[in-house]
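Heads up, the next two complexes both have chain A, just with different partners, chain B and then chain C.
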Partner chain A sequence: MNFKKYLKVYKKFLHTSLASELEYKTNILVDLITAILSLIGSIFLLTIFFQNNGYIGGWKFEQALIIQAIYTILNGITNTWFNPNLSEIVKHIREGTLDFVLLKPIDSQFFISLKKINPSGFLEIMLGFFLLIFCIRINQINLSLSFLTLSLITISCSICILYSLWFFISTTTIWFVKTWNATEVLRSFLYIGRFPLNSFSFSLRIFFSIFIPIAFITTIPSEVFLGLSQSWKILLEVIVATVFLITSRKFWLFALKFYSSASS
Partner chain B sequence: MISNLINRKIITLLKVQYSNMLEYRVEIALWAISGIIPFFMLNIWTNNNLNESINISDVMLSRYFVCAFFVRQFSVVWVVFSFEEDSLMGKVSPYLIQPLNPFFRYFAQHLAEQITRFPFALIIAFFFFIFNPESLWIPNLGILLLSIVSTFLSFLIQFLIQSIVACICFWTEKASSIERLLFIPTLFLSGLLAPVVSFPAYVKSWIYLTPFPYLIDFPANLLSGNETNISGGLSMQILWIFLLYPLFKKIWSEGTKKYTAMGS
Partner chain C sequence: MVQNIIDVRNLSKSFDISSKEPGLKGTIKHFFRRQKKSLEVIRDISFEIKEGEIVGFLGANGAGKTTILKMLCGLIYPSEGSILVSGYLPFRRKENFLKNITLIMGQKQQLIWDLPPIESFYLNASIYDLDKLEAKKRIKKLSEMLEIDEELFIPVRKLSLGQRMKSELLAALIHEPNILFLDEPTLGLDINAQRNLRKFLQKYNKETNATICLTSHYMKDITSLCKRVICVHEGAISYDGKLDLLLKKLSPVKEILIVCRSEEDANKLENSGFTVKNKIKNEITIKIENNSITSSLKTILNNFDIEDLFINEPPIDEVIGKVLIKKDYDI
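Now for the complex of A and B:
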């Protein structure tokens, strides 16, 4: 891998996609309002859940807010990178333009996953960070070096799992051609990540930890923030993230063997 | 004679769109699956005994969420996304020449999609009732008919709102971000995630003046046999349609004058 070359190419990607996205400045403003309203809406939903109960699945309101903060950050990352790029795969495959990507002297997964960027997602990420800092204050969390590294590790693992899930589903387009609805299914399942895993019944909990590891994406990082997480859980998350990343890569290379171009 | 012509147009449009939609069965099935959020919400409500505070039994609440699922399935609207694409690609131009408002085409598309979606929605509900047999109930014929009417009215309201948003395309090219903004209050206030009765008093005091509770909460309450004001709800739905329709007419006639036939 020629690291320098990829860095240079990525800079070009950033430049071109930012230039084209900034054409629609009002769009970015509207997206920011959407992100703020969506956060207000989910906090509103949480207050409904907590209006007569002190605990949901063993979590206090202040603690459940941390999950919202992490969800907002991850959702921002999804909107900045995963969503604009990976929905493009569907278009590439349907119109046969994936040919051009494959012909380029650059890794196809790199090209497809990072080509575009949506700057309005940044604002959502920042919004999530503000909420997170607020949560750290109201929950009186002591910041220490080990805590910071642990939370950084778990959040980056979550990002890896999230990316792999998106990439995995987008890859299936090679067989099914029109699957942007599949990403909608994933999106609605991910919505569950806004709530602590323990608030669901046992069978759903199993489903959300094994088949779609939403539990790993938001609940474990939040537990780390609260200092509740056991070390085996963190280790497990690292393992799950690695397995997901490797399989998604293997799956992409496998799927490419079946790619037969379109309309030619 | 004239009514005959209109009939023929409508039937032809529906037939064409239905066969078109049948081609994308898998896509529509996935779309149906992506609407199962109400079931996850039900799981949070009953698993944490949150419904005790709002005096709704487990069974009635599960019926409410099943109905919310159905109402949502048959009132999903995406006209703004289709229209935006068609308008950016210049496909709207040939439609405008035809002696038929292009929105009839989209309307037929939605109806055809609902017919295609129906069996999938039934299958999902069937699985729900296998796991929760005690929630199964048979609404009487009158109530069933009324709730079908009110679901259709809810669909009409959303179709009109989105068509108005879609017409903004004539001015800004990208209207889908405004739709995503409007979707947030729809999601949180319509009763899809929590029944409106559970909302705090400071929200309940004004929410019945907005169109949101009539989109999902009212038809779902009607169908599930929960307490609701039938005549009040139906008349509010019709009132909103009468308010929105002239607005759509106005913005459509203004917009077509602005139209610049992009991409052609």
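Now for the complex of A and C:
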């Protein structure tokens, strides 16, 4: 793979999608306000849950706030990259414009996963980071190099798992043509990631760890921040992320063999 | 000797399609249990195309023309048979193969809707690994050939269909491909825009010796661009050869309207052995076979007092229309 070329193309993607989005100023403003209100609403919801109980699933309010911060960062990433690109896959396949992507001398997965960005998602990422820094202070977390490395690894793994799940579902469009609902269900499950895994019943914990690994996405990185995580959990998250990423890639290449393009 | 750039052997393609009975009952039945059947859309076709040739694919809607183009450019896997395009197996979509070809579809667009076309051109240039200077040079050259200038800087959504199609062409040709697959490129364009596009394709073919495979329902596209046509009927090739020969075969006679000096001359001509279509006073329309047109006209001009004559070609759409409904043309 020619990294220099891919970097150059990605710069162009950034440039063109930013320019496209900036054509509609009001839309950006509305998106930014929505991001701020959404974060305020989520924190308000969390305070209601903790109003009568000091602990939920063994987590204090200040600790649960870390999950909210990580969720906000991931949701920002989802809104910046995954939503504008991966939701378009369905459209590409239904309307046959995937033809243009497949005929470009560039990796098709790279193209359809990164062509667009939604700049208002950046604000959510920034808000998430501000909240995370605030949580680090109130939880008196010691910022060591190993802590930062582990946080980076677990958050990157969370991004990979989320991307792979979404990409996998979107790829099935090649056979089922319409899978909007499935990606919406995935987004709904992601909301669950705002709460500690221990706050759910045993059966739900199993479901959210094995079938839809939402637990890996927010809880494990949060445990790393609080020094509660065990090494095997981190290792498991790395393995799950790698397997998901490789599987989604292989699945895409396999699915393309069945692509029949839309009729003209 | 000119090399074959496209070589297709015994190519077939089948799709699984599900059918649905009408009404609510049919809909419920279709939801729970789909009746699938395999439909052979391309049936055992073989042909070659030489470098620099412009070949038109003719056929009715659903005949399989677009499927053939999509298999040639590697978008669809063939069910059986082999395809070689420029020495590559298209469906492997190797980088060097993709840099050699382009696909233009009249009903689909790749330009970024909210931005001026120039942004899409530079994006494509980076995908095809062209540096900025080279891209600029090619954009300038192609925009001059396509006669577009200010339109490059106006958002695509504000361009007319004709301007948009020209921009689509520029975006698709920035990497200077030597094989062009064009699927109804003039669809929806007005007469002037169609003519300009055809002029451009002729010029591009002449200057670059690019091979062009074209489908179109506008016969003018076919007659002005293609010397050779491949007619597709229900997935099989019904004719592959020169367009002239096909037209001669399909319309073996010409109609000639002769205006005689007097009605008496017209009566004499009517009784001279020619096949008469109709006669009104001193105007008579006769049918003459293509191969005897010169000698017949000589006889008429030498023996009758003629004021004027008009040779009427049958409308090309009408003639080609016959191809779309017939299975085989043995020429």
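As a convention for this text, the second predicted complex is superposed on the first by the 263 of 264 C-alpha atoms of A that agree within 3 Å, B and C clash if a C-alpha of one lies under 4 Å from a C-alpha of the other, contacts with A are read in each partner's own complex, and residues count from 1 in each chain.
Going forward, contacts are C-beta pairs under 8 Å (C-beta built on N, C-alpha and C of every residue); 3 or more make two chains touch, one makes a residue touch a chain.
Owing to the predicted nature of the structure, the values given are computational and were not obtained by experimental measurement.
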item	value
Touching partner for A:S231 - first (chain B), second (chain C), both, neither	neither
Touched partner set for A:A19, first chain B, second chain C, both or neither	second
In the superposition, chain B vs chain C on chain A residues touched	B
First, second, both or neither for A:E95, with chain B first and chain C second	second
Which of chain B and chain C A:P105 touches, first, second, both or neither	second
Which of chain B and chain C A:N142 touches, first, second, both or neither	neither
Chain B and chain C footprints on chain A, overlapping residues	24
Of all residues in chain A, those that touch chain B in their complex	24, 26-27, 30-31, 33-34, 37-38, 41-42, 44-45, 47-49, 51-53, 56-57, 176, 178-179, 181-182, 184-185, 187-188, 191-192, 195, 199-201, 204
Of all residues in chain A, those that touch chain C in their complex	2, 5, 8-9, 11-13, 15-16, 19-20, 23-24, 95-97, 99-100, 102-106, 257, 259-261, 263-264
Residues on chain B engaged by chain A in the complex (per definition of touch)	24, 26-28, 30-31, 33-37, 40, 43-44, 47-50, 52-53, 172-174, 177-178, 180-181, 184-185, 187-188, 193-194, 198-200, 203
Complex interface listing, chain C residues touching chain A	15, 66, 70, 73-77, 93, 95-96, 98-99, 101-103, 105, 107-110, 112-115, 119-120, 122-124, 126-129, 155, 183-184
